[in-house]
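Order of writing sets the labels: A, B, C and D. Residues in every chain begin at 1.
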Amino acid sequence: MIKASIIGATGYTGVELVRLLLSHPKVKIAALSSVSFLGKPISEVYPSLLSACQMELCDEKEAVEKGDVVFACLPHGMSQEIAAECAAKNKAFIDLGADFRLEKEEDYMQWYKGAFLDKELHKKAVYGLPELFRDSIKKTKIVANPGCYPTSIALALYPALSKGIISTEGIVIDSKSGVTGAGRTPTLNTHFPECNESVSPYKVGTHRHTPEIEQTLSKAAGAPVKVTFVPHLLPVNRGILSTCYAKLKEGAGEEKVREIYEEFYKNEPFVRVLPKDTQAGIKNVKFSNFCDISLNIDSRTGTFIAVSALDNMVKGAAGQAVQNMNILFCFDETAGLTLIPPAF
Amino acid sequence: MIKASIIGATGYTGVELVRLLLSHPKVKIAALSSVSFLGKPISEVYPSLLSACQMELCDEKEAVEKGDVVFACLPHGMSQEIAAECAAKNKAFIDLGADFRLEKEEDYMQWYKGAFLDKELHKKAVYGLPELFRDSIKKTKIVANPGCYPTSIALALYPALSKGIISTEGIVIDSKSGVTGAGRTPTLNTHFPECNESVSPYKVGTHRHTPEIEQTLSKAAGAPVKVTFVPHLLPVNRGILSTCYAKLKEGAGEEKVREIYEEFYKNEPFVRVLPKDTQAGIKNVKFSNFCDISLNIDSRTGTFIAVSALDNMVKGAAGQAVQNMNILFCFDETAGLTLIPPAF
Amino acid sequence: MIKASIIGATGYTGVELVRLLLSHPKVKIAALSSVSFLGKPISEVYPSLLSACQMELCDEKEAVEKGDVVFACLPHGMSQEIAAECAAKNKAFIDLGADFRLEKEEDYMQWYKGAFLDKELHKKAVYGLPELFRDSIKKTKIVANPGCYPTSIALALYPALSKGIISTEGIVIDSKSGVTGAGRTPTLNTHFPECNESVSPYKVGTHRHTPEIEQTLSKAAGAPVKVTFVPHLLPVNRGILSTCYAKLKEGAGEEKVREIYEEFYKNEPFVRVLPKDTQAGIKNVKFSNFCDISLNIDSRTGTFIAVSALDNMVKGAAGQAVQNMNILFCFDETAGLTLIPPAF
Amino acid sequence: MIKASIIGATGYTGVELVRLLLSHPKVKIAALSSVSFLGKPISEVYPSLLSACQMELCDEKEAVEKGDVVFACLPHGMSQEIAAECAAKNKAFIDLGADFRLEKEEDYMQWYKGAFLDKELHKKAVYGLPELFRDSIKKTKIVANPGCYPTSIALALYPALSKGIISTEGIVIDSKSGVTGAGRTPTLNTHFPECNESVSPYKVGTHRHTPEIEQTLSKAAGAPVKVTFVPHLLPVNRGILSTCYAKLKEGAGEEKVREIYEEFYKNEPFVRVLPKDTQAGIKNVKFSNFCDISLNIDSRTGTFIAVSALDNMVKGAAGQAVQNMNILFCFDETAGLTLIPPAF
């Protein structure tokens, strides 16, 4: 049994991680930290945890001290110093924030207005999308857990780009996310009567996940890829659906495409390439670590349409973090993640 | 005061039309027909209408007989004979179904598997999108009321295509619709626990509204336009949001685009081109005849993104039908349609 | 045409009142005030109002000055001085807050921790539930617009209590309300992921509407009535459903009860006593000024169960305020309120 | 490892049971039967199960044959013969339907219009509410799994009634249920646009769970108890909230009440008596086998108000069935049920 600490345990990704780790066969939660609720039992903040976890919330320092692995669930800009401390103490560090996701400092500066405090540390960090970068993850102790949108998009487009069957130009990604993606702090946009019974786009072409998406897709293509990315807010609690459009190159028909995807993911426990004539939907992946992908070709316009669905809080955040931890500690990659999505 | 009849009054578009006509200053409802509920008061089928409208449901023949204007709210394939009868009796006919929307019989055959029973009649029919084809509507007595998706898409892209600032190739349209778009018949897909807390695409690249969309956009461009169109089912009652992506031609910047749209719609009471930095959302148009359009340019990728929102049951169906009726009878075009969308 | 001002126009009840007054045939909105958004057009705060109302938000003083009738949509404790000013200037004043609803100052002190600043003023105020107190409303210029829960409950139980067919002891009221009842300020409880897909009671036995409910029911019974009142928060935007339980006295059967209610409300345009074997539901009254009441008798236990449904923002707030205004100014009581609830 | 079969596996309670049993450490699913989908893999009926369970649906006979324990998830009236067959073969039988819940045949006749086919068999059946009847369950092989409403109500009121602190007269129960309670067959009432954004009561005073509720409460009181029971349909997928009102007897104050409940449930892993000043809500129990109970006293009216929340599909159906199976087979009672409710 290893000991795990969560920094920022009372945010939505933090508490979801608590839930997952409580059921993990190889992990004991050692500490949960929170600035706002310091000293309170977490079950007072989340009554859903009553009788399941009543651990008192500690400070960040104690959390780092007590964990063999430290998860940070913090707003961007707050993880770099903790990562350095963990590195100094040779602890595994998994960052659910954005600080280590971008490889180029200029991208981080442009999109996040921040700097890399310790460039060497950033070089050690690995982008933790296991299905694509498992081997590198095994060799690091600092994992940058991917964003929710980027996970759904990378899994949907990586096989096609890496096999060169779609054009790298003109990719359009229309994503839809549940409200938990915005976190727990109440705002006007997430006030029930303001988002219920509605849907609208936000940060059109300017969302901070854009460089992260392009970084991975460029690796897939072996050439720079730019995408048009538009996220939308859905009136559901959980889940992301990404509808990804790309120009299909000549010669690539439906069977070929399907073959490529099925081959690419054939050993992946968490990616389900859906059967022909079925479509990915949030309903089928909720509360699980699955990412469903449905493949479509609009032969009238020569367009490849990959649709991916995942739970933004699980495969898009806490579940993927557990998956990364499993890799770091050589556990079975599905340990603690054998969650079956409820039918409703 | 004119007399209006509704055939198929107990479907969702039919009952919405009842609601609108009951408040129309120049119209008296003369007859409501229904096959399933013949002889019952409509308020028994829809208790929301109690004390507002308790008219007994009659048969189709009586409905045609009694109306100066006849609205048909029927599944496709059932309007052609009624239209012929109305034409013979010189009554105005407004079809909320699909039978008269496509100008080319081969398109109708390909997408709807049906034939034009009377080709002359089809020549007389006009596609009733007032903002684009008002002058032709004035001259007909047979109006093909547009589909909900096509209305949202045509209004979003017509100005840009007609001014030649976007490419006619590679247009992608990602639409999201509320569940009322599927009608009142219970199905597994629209069963509450199956669609609540989820979203998924359907009829990817194969939705019957596609040829109707392309017909209008081709007119705008003065050249054939093909689009990739993917509709999605949203867990909301009403509303459509269409996010439309097109390649911006060189030289067309944000100000130019905005100028074109504001000029195009400056006298239109029902189209609101939104201010810079705001986005169209279903919330702001629900229960009204407005179509909101927000304009975006992703300069990183040279993509024009027009987002349109409307109420699928009002501007996307019954409201537009009333607007067409107002045109046919030379009423003020906003008569009975001065509906202000509630804030929530 | 009279001139109306709204103080606190950017809260939920305020903006709903704006929407209703914009369609009122005898009213012109003269001024809208707001502290938070002073100087901005209201359509910037509520984009739903674009092109329908772009009036600039002024201060309270200007609002009082300009109106023949002044509506206050303010938190409790803030209306008394405005009422005094309106009285001094002989303007009609309609308070959508709680300051003038309770007749006894000790009740106000106990439940609201406040005092009556001017006892004479309070004596002039009339509790504005038109179906019960129309004659008194006609004679005042200060109307205390009832709370949303109290309206639904008073209309459900007044006839039975006034006719003496139910016991005044042991009345239980289980009410359920949509989230707009909590106002527009974002809070954790009204944050989308916290209230969506859930329901729970709040302020059990301690809600401030309790004395207001008891005040009206005591008048009905001609004797003191105490009730057990438990409100619940529902994951819907609008609407209140109150399920009211009372011991049926001997001799009062179903037909008698129905007769009493139908007689009591026979001339009321906004109260619909539903047919036997149908039940009140929020769906059928949303966006309208109707209050639906269904009558049930559980003969196994001798219990009378009246269920009432209304839109908390219309008959429970802004619509009833307009109804009161219509009475004060001798307009047709339904003017501006002929809203037909949409079927969905 | 024991072998479990589910008859009627494709209904909502059936598939939820599949989900739970797939994670159970001591159980292997041996067979799943379905009439409608015979021969298909269950993952075709529920794509959420892809890669988790692709078992082919068999017929009832095969299911009985293969299981050490047989669960029946069938409409009432269809379990008696299967129970007899299981009894003959000495297999454990757990009925999620209503056939064995009522002890008196006259009650079954009155409320379900059915007869007890084999009276001896009925005598062997035990009502499977473990917190109340654990000892009897241990001794049977036929378990009548309680209804969802009755579970929530029995747990809320049993302690108070058995300790005699509330009156057995005048009990009022106002319950609210999610839509999955109505099953998977599409109907008008459960069609998304018909139940979304609404709430209404149904089967007022006539719901078939009434005699089952009274049977248990009468045992608690040691005297006949009749209740007024009104269920309501909520626009949520899962969950039941029951607000239970009873006259508090003299001398029983808040502390006493709390003491009784905490004592009563102190060793129960699935019942959480909530801390003072917090309220039960569906959110905190969803997807878990917990039943939360909050205790309130309205001292103004002398009313005890117990509010209970549970997941209708888990503690109200499939979870409780697993709990009963655990008891029958002497497994740890929480095996396969250590589900932590997600925070959102």
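Rule of thumb we're sticking to: a residue touches a chain if its C-beta (ideal position, glycine included) is under 8 Å from a C-beta of that chain, and two chains touch if they have at least 3 such contacts.
Since we're looking at a predicted model, the values are computed, not measured.
Counting C-beta pairs in contact, the pair that comes out ahead of the other among C-D and B-D is C-D.
The most distant chain from subunit A is C, comparing centres defined as mean Cα coordinates. With centres taken as mean Cα positions, subunit D sits 36 Å from subunit A. Subunit B and subunit D have centres, each the mean of its CA atoms, that are 46 Å apart. Averaging Cα coordinates per chain places subunit C and subunit D 39 Å apart. Subunit D has residues 12, 180, 193, 195, 197, 235-238, 281, 283, 344 in contact with two or more other chains. Looking at the complex, you find that subunit A touches subunit B at residues 170, 172, 174, 176, 193-195, 197-202, 204-205, 226-228, 230, 232, 234-239, 241, 243, 245, 247, 279-283, 286, 294, 296-301, 303, 305, 307, 309, 344.
Interface residues of subunit B, counted against subunit D in their complex, comprise 12, 178-180, 184, 186-188, 190-193, 195-197, 235-237. Those residues of subunit C lying in contact with subunit B across their complex are 12, 15-16, 19, 22-23, 46-53, 180, 197, 237-238, 269, 272, 274, 278, 281, 283-285, 287-288, 290, 292, 313, 338, 340-344.
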